[in-house]
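Residue numbering begins at 1 within each chain, and the chains themselves are lettered A, B and C in the order written.
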Amino acid sequence: MSTDTTEHTETNDEVEIVETDTVREALATAFADHLGDGCIESHITPGSDLWIRVDRSSWVDAARFASGPLGMSWLDFVSAIDWMPSPFGREMEAEQDWVVHGRDERQPAEQVTGYAGGDTRFQMLLRVYSIDEHIGVTIKADLPDDDLSIDTLLPVFAGANWHEREIWEMFGITLTGHPDLRALYLPSGFEGNPMRKDYPLVARRVKPWPGIVDVEAMPAADEPAADEPAADDTTDADDTTDADDTTDAGASA
Amino acid sequence: MTAELTLPADALANQDLANNAQLRYIASQAADSRINVELETEGMTLNIGPQHPATHGTLRIVAKLDGEQVIEAQPIMGYMHRGYEKLTEVRTYPQVTTLINRIDWVGSFANEVPFILAAEELMDVEAPPRAQWIRTALFEMGRIANIMLFLGDMAVQLGGITAVFYAFRDREFVLNQIESATGGRFHPNFNRIGGIKDDLPAGWIEETKSAMVKVREFCDEMEDLVVGNEIFQSRCRGVGVIPAELAKEYGLSGANLRGSGVDWDLRRDEPSPLAWSEIDWKVWTHPDGDSFSRYWVRLQETREASLMVEKLLDNLPAGPIMAKVPRIIKVPEGESYVQTENPLGAMGYYVVSKGELTPFRVKIRTASFSNMSITPWLLEGVYVPDIATILASLYFILGDIDR
Amino acid sequence: MLTPLALEFAYWQETIVKIVIGLVAVLLPTGALVYMFLFKMMSFMQSRLGPMETGPHGAMQLLAEFGKFLQKEDIFPSKADRWVFAAAPFVVLVSTFMLVLVLPGGPSAYFTDLSTGIYFALAVSSVSVIGTLMAGWGSNSKYALLGGLRAAGQLIAYELPLVLSVVGVVIMAGTLNLREIVLSQSDFGIWFIIPQFLGFLIYLIAIQAELTQPPFDMPVAESELVTGYLTEYSGLRFLLFFIAEFATAAIFSAIGATLFLGGWTIPFVDPTAEFMNYIGPFVLGIKMIGIAFLIFWFRVTYPRFREDQLQRLAWKFLIPLALFNIVVTAVFKVVF
């Protein structure tokens, strides 16, 4: 697959035109046929995976279609993703660091969504899998920022219960029709939705993380965390050359 | 119910009707129901956990009981929630492996593998064959160490204390081998993107093979001591039956699904760079779907895994153990989902990268989370002792639920 | 029992001596059982060493444990029924001490020689159920309550096979007096374990249940009920329960030895000889340890039943079997 990160995901199809995956293409077509306008976009990593983006109103329908006619009755997970770039970066800046390095005034980065595109900040993820066909699909659905709610998958997958409770508490997304929306992990008085990107990792604020030294100044890298091209900096790992002269190599041959 | 039945009881006063045998029967039923109304008891709410021997960890189960019978049971977790999904967003890729080691802490090596594979897939890097084979061998040894704990623990949950001592004794042989190869008994942190940290130490292969023989001896011992025991069977057979279709709907995986007769193993069924497809082995299933079948499947899997390790070590290819990777690892933009058959079941990492040092989002799909989500359904109507049986047979690790 | 000593005592002196000997007769076998089986045999069966540090091979471990329990705080749960909670261990312990009264250690080495000896023993052993229920109720804990109720249900259910298994022996001996049962085995020429092997098996299973030892330890099932009716007990009161449990194990084993293994007698030795009063208790002790070994062997090996399975075993299997045993014994008794 392409390592060119500047290209948008939609153009990936052109790059990988040489590889084809007829099974997953057929699946994508099946989704498009069944859902009609509800199926917005799809993405295929040939030989590996399939993404389908559906409209919010087709969310349950897509799940039912996948679990029924397509035989993907094994619920892998239901989750969500917040595409907003984190305003806090890697949360390395404890107050002590600001004193030493000065504060990095961060520019808000552009919001870029992943495979199969996306228009909004929050996206739902559903992964289902067919145990007979050994093929899975990730279904995405955009959630408008002013109405973070989507229908529950409980009528289709009884096992979605805990997953959706987790989404509710971690992202603040309301699952319409879920009978038991209460905190799964967090204490009942907890405020905020920790998995949102604008929710700060408070532990990093109070105490600098000792692991900070590992990544800031590596001896060989001139400008760490800057814009070094990945390919130029390639080195052999130290252990690589040892492989041949270990004593077990003889036994293994 | 009482209202319906008091009417014939009143009619009993009429001597003519009293001769009617059917009415007499109804009247006696009505009398019984009156007694039952008097004796009607309120349900008792029993808090099992957060600290309770049956929950090995800090799981809490709120069970509403009618005598010894469970009317409703709700697991409550989060006592060990460590927010790994959030933490991974501020850790570099190599640092994440240290973290995710602690998810299923008794099978830690296996935790690292799917994440590393997902990152490798995004970077288009493939580890050299020798690294993949060593990974697979250590993966299976982690499985053995993990499931051996289960084999003893399930017996101790049912009151047979001796088995767990045997399990801990023999598990040590495997842990010692994992330690001598990786340096860590529980948290190897041995995987690197593009390979593994070190090659195997001298003499390790022979020692491991002899450890695998001991593992099989242990399995035979468990078969005699636990599986063959009539009391164990009567406690497990027919207890906690999970139908296959429901198991799929709840996303159950691993031995819990194979114990329900679903012949599905990610090691065999999904293409993986690891060496599972290179050797001969068998996927064990059991059609019953009860607690006994889950125990039985895990026992067979342990034996199978020990054979797999021997085969892997016999055919270990020579060569390097690290691919060429950048010193500072930046994973290109993309999304990748890799799932492997971990000791507890299917574990997957949905990695979203924005081309930076850290993942943008990592959704960690853990086996125990889905496996345990069926418990409210499963515990309904069972007896209190069966709670221990069912929880033990589903085999969860708290860190794997709470993440 | 003091007649063999050929000493004249006043009544109060005799009482004190009896109390001391009674205490020794209860505590010595208890300690021996705990050390030999719970500490050592169980450890060896589980491929570990058990206590090794206190004294040679951990022989002083009992004293260390005793000292530890004495030092612990005596905790009352805040809403416990204080009197019931406090009295429960003593009720259990008293029932244990009453049991030892009728146990003959020799032709004239006994505390009392009740003509209804075995009947008395089985009756007072049931008193411990009340103590267990008191502990379960008085703790004001749900685990303890469930454990206490389970214990009550179990002890009552297994009282019946226990009594019925003994009836076969009583029919053969023609007496309820334990001393005479021993002597009649001697007259008979064989120990009752051979003609009454079925009764012996039922007796073993029933006492295993009476003692709430695995596979019948549901009342204290640690993986379900933490420790059942013992959950809230600490310190000395817990120790009393502990002593009572193992003392009862010792005494039930001794009663079993008396009923089925010829009590203090040795084959081909005159059971009424004067010296049997001195070596008799030790012979009985050895036989007791033999039966206790079986009890603890089961304890280490088996997982536990579920409550309904346990009841089914008692009512649907053991009791019919015991009744069958009685009928067959009675028929043989009449015919021969």
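Please note the rule applied: a contact is a pair of C-beta atoms (placed from the backbone, for glycine too) under 8 Å apart; a residue touches a chain by one contact, two chains touch by 3 or more.
What you are looking at is a predicted structure, and each value in this text was computed from that prediction instead of being measured.
Common neighbours of chain A and chain B: there are none.
A comparison of C-alpha centroids places B closest to the centre of the full protein. Comparing mean CA positions across the assembly, the chain most remote from chain B is C. Mean C-alpha position of chain A lies 25 Å from that of chain B.
Here the CA centre of chain B is 42 Å from the CA centre of chain C. The geometric centre of chain A is 65 Å away from that of chain C, both derived from CA atoms. Residues of chain B that touch chain A in their complex: 77-78, 81, 83, 85-87, 89-92, 95, 121-124, 130, 192, 194-195, 197-206, 245-246, 248-252, 262, 264, 269-271, 313, 315-322, 324-328, 330, 332-337, 339, 346, 348, 350, 352, 354-355, 357-358, 361, 363, 365, 369-370, 373-374, 377, 402.
Of all the residues in chain C, the ones that touch chain B in their complex are 45-48, 142-143, 146, 150, 214-215, 217-218, 221-226, 300-309. In the complex of the two chains, the chain B residues touching chain C come out as 44, 46-47, 52-54, 68, 155-162, 165-166, 169, 225-226, 229, 231-232, 234-235, 383-388, 392. For chain A in complex with chain B, the touching residues are 1-5, 9, 45, 47-49, 51, 67, 73-77, 79, 81-82, 85-86, 90-92, 112, 114-115, 125, 127, 131, 134, 136, 138, 157-159, 161-163, 170, 183-187, 194-195, 199, 201, 204, 211, 214-215, 218, 220-221, 224-225, 228, 230-231, 233-237, 239-244, 246-249, 251-253.
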